[in-house]
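A, B, C, D, E and F label the chains in the order they appear, each numbered from 1.
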Amino acid sequence: MINIEKTTLNAFDCLYEESELVVYGAPFDGTTSFRPGTRFGPAYIRNDFLGLETYSPYLDMDLREFKLHDSGNVYIPIGNTEKALDNIYDTAKKIVEDGKVPFLLGGEHLVTYPAFRAVYEKYPDIYLLHFDAHTDLRDFFFGEKLSHATVIKRCWDLLGDGRIYQFGIRSGEKSEFAWSDSHTIMERYTISTIKEVVEVLKNKNVYITIDLDVLDPAVVPGTGTPEPGGVGFKELMEAIHMLKDVNIVGMDIVELSPQYDTTGASTAVACKLLRELTLTALKK
Amino acid sequence: MINIEKTTLNAFDCLYEESELVVYGAPFDGTTSFRPGTRFGPAYIRNDFLGLETYSPYLDMDLREFKLHDSGNVYIPIGNTEKALDNIYDTAKKIVEDGKVPFLLGGEHLVTYPAFRAVYEKYPDIYLLHFDAHTDLRDFFFGEKLSHATVIKRCWDLLGDGRIYQFGIRSGEKSEFAWSDSHTIMERYTISTIKEVVEVLKNKNVYITIDLDVLDPAVVPGTGTPEPGGVGFKELMEAIHMLKDVNIVGMDIVELSPQYDTTGASTAVACKLLRELTLTALKK
Amino acid sequence: MINIEKTTLNAFDCLYEESELVVYGAPFDGTTSFRPGTRFGPAYIRNDFLGLETYSPYLDMDLREFKLHDSGNVYIPIGNTEKALDNIYDTAKKIVEDGKVPFLLGGEHLVTYPAFRAVYEKYPDIYLLHFDAHTDLRDFFFGEKLSHATVIKRCWDLLGDGRIYQFGIRSGEKSEFAWSDSHTIMERYTISTIKEVVEVLKNKNVYITIDLDVLDPAVVPGTGTPEPGGVGFKELMEAIHMLKDVNIVGMDIVELSPQYDTTGASTAVACKLLRELTLTALKK
Amino acid sequence: MINIEKTTLNAFDCLYEESELVVYGAPFDGTTSFRPGTRFGPAYIRNDFLGLETYSPYLDMDLREFKLHDSGNVYIPIGNTEKALDNIYDTAKKIVEDGKVPFLLGGEHLVTYPAFRAVYEKYPDIYLLHFDAHTDLRDFFFGEKLSHATVIKRCWDLLGDGRIYQFGIRSGEKSEFAWSDSHTIMERYTISTIKEVVEVLKNKNVYITIDLDVLDPAVVPGTGTPEPGGVGFKELMEAIHMLKDVNIVGMDIVELSPQYDTTGASTAVACKLLRELTLTALKK
Amino acid sequence: MINIEKTTLNAFDCLYEESELVVYGAPFDGTTSFRPGTRFGPAYIRNDFLGLETYSPYLDMDLREFKLHDSGNVYIPIGNTEKALDNIYDTAKKIVEDGKVPFLLGGEHLVTYPAFRAVYEKYPDIYLLHFDAHTDLRDFFFGEKLSHATVIKRCWDLLGDGRIYQFGIRSGEKSEFAWSDSHTIMERYTISTIKEVVEVLKNKNVYITIDLDVLDPAVVPGTGTPEPGGVGFKELMEAIHMLKDVNIVGMDIVELSPQYDTTGASTAVACKLLRELTLTALKK
Amino acid sequence: MINIEKTTLNAFDCLYEESELVVYGAPFDGTTSFRPGTRFGPAYIRNDFLGLETYSPYLDMDLREFKLHDSGNVYIPIGNTEKALDNIYDTAKKIVEDGKVPFLLGGEHLVTYPAFRAVYEKYPDIYLLHFDAHTDLRDFFFGEKLSHATVIKRCWDLLGDGRIYQFGIRSGEKSEFAWSDSHTIMERYTISTIKEVVEVLKNKNVYITIDLDVLDPAVVPGTGTPEPGGVGFKELMEAIHMLKDVNIVGMDIVELSPQYDTTGASTAVACKLLRELTLTALKK
């Protein structure tokens, strides 16, 4: 069992100052209601990333051609949600203020909120692209405003209507789906509209948040709440490749709970998405 | 490890008397020839069902809008196959006689036989829809007439020719496939004919039995005999949604062996099918 | 994987009003710094308790001879430590005020604090017997006063010097061991002084808290922080049996993280201790 | 864990006709009430036996010096308890009639009954030495006379009072312990009386049945019902070595459920006991 | 999971002399750079093959209609790569010289080299069909010429340009992909060109090597280096069925690391491919 | 799954130049005959070492009071045993020549040979203390001179008679035990003679090699070949504490195969031994 790690992500070994994109981890799972364990996400990704080629035949690009930095994990004071989110915010804020693209590795989905907020403050005209099985549009969950189940609603508090695109959504309460009808642009079950969306958002500033449970549990069983009926890996990867036409200013991959999938396949998926997203964001 | 459970299925908390559909479990795996463990199926389903939304965006229906009851598990006297089957029969008999739809959670596939027989006695004009990787059409298995490998043959003993539709079948002895040619309507490998079948059976009384190994092992590895080359989850769910046009008078989901899939994905599949089948059966 | 449970502990099926001892669970692991999972403790114990005989040949007593109640789990609002502790306190308070012995199943060790406080308020002359691998005497941990690593220090805040007996301690910071020299009565590594301690405390009011990691990891590997060099099962059970001569007014068993031990042996240990402790407390 | 594919027990490769001791397996777990899986016992033992030296430094004897045969597994018709027991009886009968020592590998404890009966018929003056955590003295279990929980009572039906010695017993119903007081010679918890017992039984015919759960779950977690507080490995091995002074005419090792202990340690224990028992029985 | 102990592949029980196709195993993983374990491949396949029907409904053929032999495993001297490969070569050589089709079960991919070389020497006009996630075209790996990552380059040393067809390739270094452009015929990601390739190679001598990681990790997680984005099981099986029109003179299935997939699904895939490949090769 | 790691052992963060003791890892398992995986030993130890207190209450010493360095892992060229051993030798040689104590983390037991040889060359009057379940005294194993099963024989090639003390030995071939009678000083099964041995070797130069399987599998199930009947953890720790009176000039801990013990208990044992050995070696 990995408790904690200091390893640097392979090929993300450029100095911070010289880098154009910075990965940072947030091993936080403090509001996870059922199966905890996303705190182990960044450690497993960093370890298994060594087994992945740095070259993408899909994009004919190699991570080694770019200036990338891994700044390690944000300090998470156990049991203090507010403080943990503040620390994530501070890290994201610094990266984005320094003119670099912040790429967050979760942790549970709530970590997206402070990370997104920091990026939003720099780019108030930003759009949010949200890939997930769940709506995440509750206002409260277990009595709390800040939760993995409310995180997109909190982002909407910042953005307002029409600026959030949701893909692959297949689970939520009836009221969440109803609310989304007039506040977000939601594609249920699939991500077939991505091409049109990219055309609409061409060259616009975009933040991408990928909850790995948007993928079918056959592809990523290592997550807190497996939701059968998800999208396939190739489907998601092709969608990611289309994003080269928007201006990606921030990203995250969340909800990997690697210890539930002892085969390592779920972590391998997270690693490959990390590579493809990074290269897509840096594509000229 | 769950040994046994008393939990009631979430949202199936109506009184028996008022309910229109009743779930009951049969933790029986007494004739399992290789890997035992389907006895744990009902317990895992009940536990993990709590993590599933009661609302189906696919059908725009919510379990909470219906009168549903979970009557717990049938008593299984260990080591006495006949008595176990009798108890399952008695429970199914009472439910169906009380004018409710019985929905059985296995257990191995043999539990279908007494459950189906009880429903058949009420609706002698019934059709059987069988989703499975295996033919289950042997006459004897390990010298026994009552076995998971003979269960559909036993149902045929009641129904005779032309009343059993089989889908997704991809494994069996040569003689079983040959026999089926003149006695059942079998679609091999896939379930693409379901639409036509539903049209033929429109408004007719139907019993549905789903052996989870009809799905590909990538989707449900938690089963006794994984058979690669199965159907996908969406494929099966869409087939289920089409069944709204027949008159479902009994159902079961069997062969979940949850402890083999430590990720929980297999159980999540069973839970979602339970929700979608229940709502489909109750759809007006 | 068990997510949550409603099962009642076998043989703890008396009405609350008539009971003399009440078990309650606190599935809380909010300050766990490394491996989370003690939230699953109460569920696994309740499930596996069914496999344990209610009769103890050691004490020649049977749980069925007593009036015992299982009040289920305290509601734990995820991500809100303070509120969670308040709820535990409220439950303990009610039980103890109603003249019954409260027996708490954790959860991480921090749950002892509110439970103990409620009992302490009723019995201000109480002594605390603490079985653990760790000192748990820090004043702060990760910047927080309330933590699994500070819990006995918090109890000392209530009791003051000379009222806390610690057994089996083998891990902590140098300063914690030094502090204990003048504030608690600590037996390192073993529990061989228990007989003398019981004589000193004869007929006095005592609260017992058992962190399962006091036992060697060979006996209980299913815990967050395995500490080799612990006591054996028989050693601990014999110590427990000696406690019949003190007046037990409150108890807990904490830090079972059952999912790390897939053999079920760790949970079996917790179950047997629960039986023996209950019978010892009720012995006349 | 499979090391290599080999079906016959290493060093048990003598022809049946020439052998003095014959191992046979009974992969039967048909009356197991909780966790099934002892059906995998013989297979795991045969596989892992290859990793064990054939030489015992304790006894300074080597299996290769003796004429040993492994006759494989008895055919177990799934779901038919009576037939399964008959087959075990037939195999044991033949071996004992041919003047060889039968050594059975279970399977659940019920397999002892037919094996013992066959040996008893040849040696009606036989004594039974029973090592177990459980009394196994019920008359009925789940309504059945033949069960893993009644097996020693069934042997008593043959032997009558004073011919059964029980060691390490620590779990059962109150009435079972009471019954044993006047019908069997039971040592609770430990096996410290073995020396005296051997003196009493010197040169007498003895059958030995070892339920692996007599060992502490720290030593053998891979069993159906772990019972903390058991004996240690060295304790049991020393007891076995003392048995060289009785005349061992039959043996079994039962209740290994190897798949619950993924470390392989439980199977390693069974293998070493098999070696030491075999050599002890053949010692002149 | 071991179902039953049986060393010879079920239905491959013909005498060597009379057989037309011979399976042999090479439990070698000596150059595996990350997760070892392919040494367990042949053992798991032989065990679980018993759970697979010998009849293929896809081809309407039964293994029992053919003369098949399983010659067991090649002796692998641990820690001596050269000697291990020599032994594999010798076995393959004998089989092919005796006019039979050799079918190798790995083991890591390096085992293909000696097996292929032996077949190549008999059929110097041979073509190699290579299904894999990885290019395997490095010249050196960890400083060694003989490695799982160089194996196809080594085969090219024998064959030269235009004789190697690669399918499903999705991972490698940039230089490997570049090199392949002028030396092999590579289809990236998919196997959709198989039909055309078969037409080109009609009736020609062909060796088939299947690295199981060509399949998506959702299908075969039990492999050393899971590479998301692979082909589906049906896709691969249909490709195999098309191969009936070439003259298959040698085959292998490699890189199953079964212990990483505790569900058994990965091994089930290997078993079914073994059946379908065998029948396809023998189809007239 | 950890593939590789760069983490530095907690509290071993002094500069190499200033350090008095240096830890180095050798993730080599190239001659492992059965279950591979000791290559993961160093990575797991480094990760889990963070969860261990740096203070030892047994010795009242803290790692932070000493100058310790962790030089990471020796480069292991996969598949080339000779080269791997050379690299280990080179690292050990440099450390010992620089006047520091080398402390090796294996890997399989063969890694001891080059490490010991380097230390022996500096201290030709050295004694070897060997804690193990196995004799490791074969001359050849699988035809190779360099093997985990021959490693102590290779050390004897350097040292000659009377300079090797073996403790806890309980497995080997008859001829190995016989050979040891006149060449090494062997204590079988236990380590009760350690006190006398230390007196004999007082202030002499000593190399200590601990094969973790000297401990009982209940304590360390995470090893390649579990051998029941081993020593307890406290027994070994007390023996280690006695070694403060010899002059420790080199050490190793080998044969941890951490992935077989998913509870983490085996790794926790290795970590605590590493702490106690380090402090004992540095005690004045």
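We take it that contacts are C-beta pairs under 8 Å (C-beta built on N, C-alpha and C of every residue); 3 or more make two chains touch, one makes a residue touch a chain.
Model, not experiment: these values are computed from the prediction.
> If every step must land on a chain the current one touches, say how few steps get you from subunit C to subunit E.
Minimum step count, subunit C to subunit E: 2.
> Identify, among C-D, A-C or E-F, the interface equivalent of C-F, where equivalent means over half of the contact pairs coincide by residue number.
Most of the contact pairs in C-F are shared with C-D.
> Per the centroid of Cα atoms for each chain, what is the distance between subunit B and subunit D, given in Å?
Their C-alpha centroids are separated by 40 Å.
> Could you tell me the distance, in whole angstrom, between the mean C-alpha positions of subunit B and subunit E?
About 38 Å separates the centre of subunit B from that of subunit E.
> Taking each chain's centre as the mean position of its Cα atoms, how many Å separate subunit B from subunit F?
Measuring from centre to centre gives 56 Å for this pair.
> Among the residues of subunit A, which ones contact at least 2 other chains?
Counting only residues that touch two or more other chains, subunit A contributes 1, 3-4, 34-35, 51, 216, 218, 260-262, 264.
> Considering only the defined contacts, which subunit E positions touch subunit A in the complex?
34-35, 169-174, 177, 188, 216-218, 221-222, 225-229, 260-262
> For a test of understanding, state which residues of subunit E touch subunit F in their complex under the given definition.
Touch residues, subunit E against subunit F: 29-37, 39, 77-81, 83, 142-144, 146-147, 260.
> Using the touch definition from the top, list the residues of subunit A that touch subunit E in their complex.
Residues 51-53, 55, 57-58, 60, 62, 216, 218-219, 233-234, 237, 261-265, 268-269, 272.
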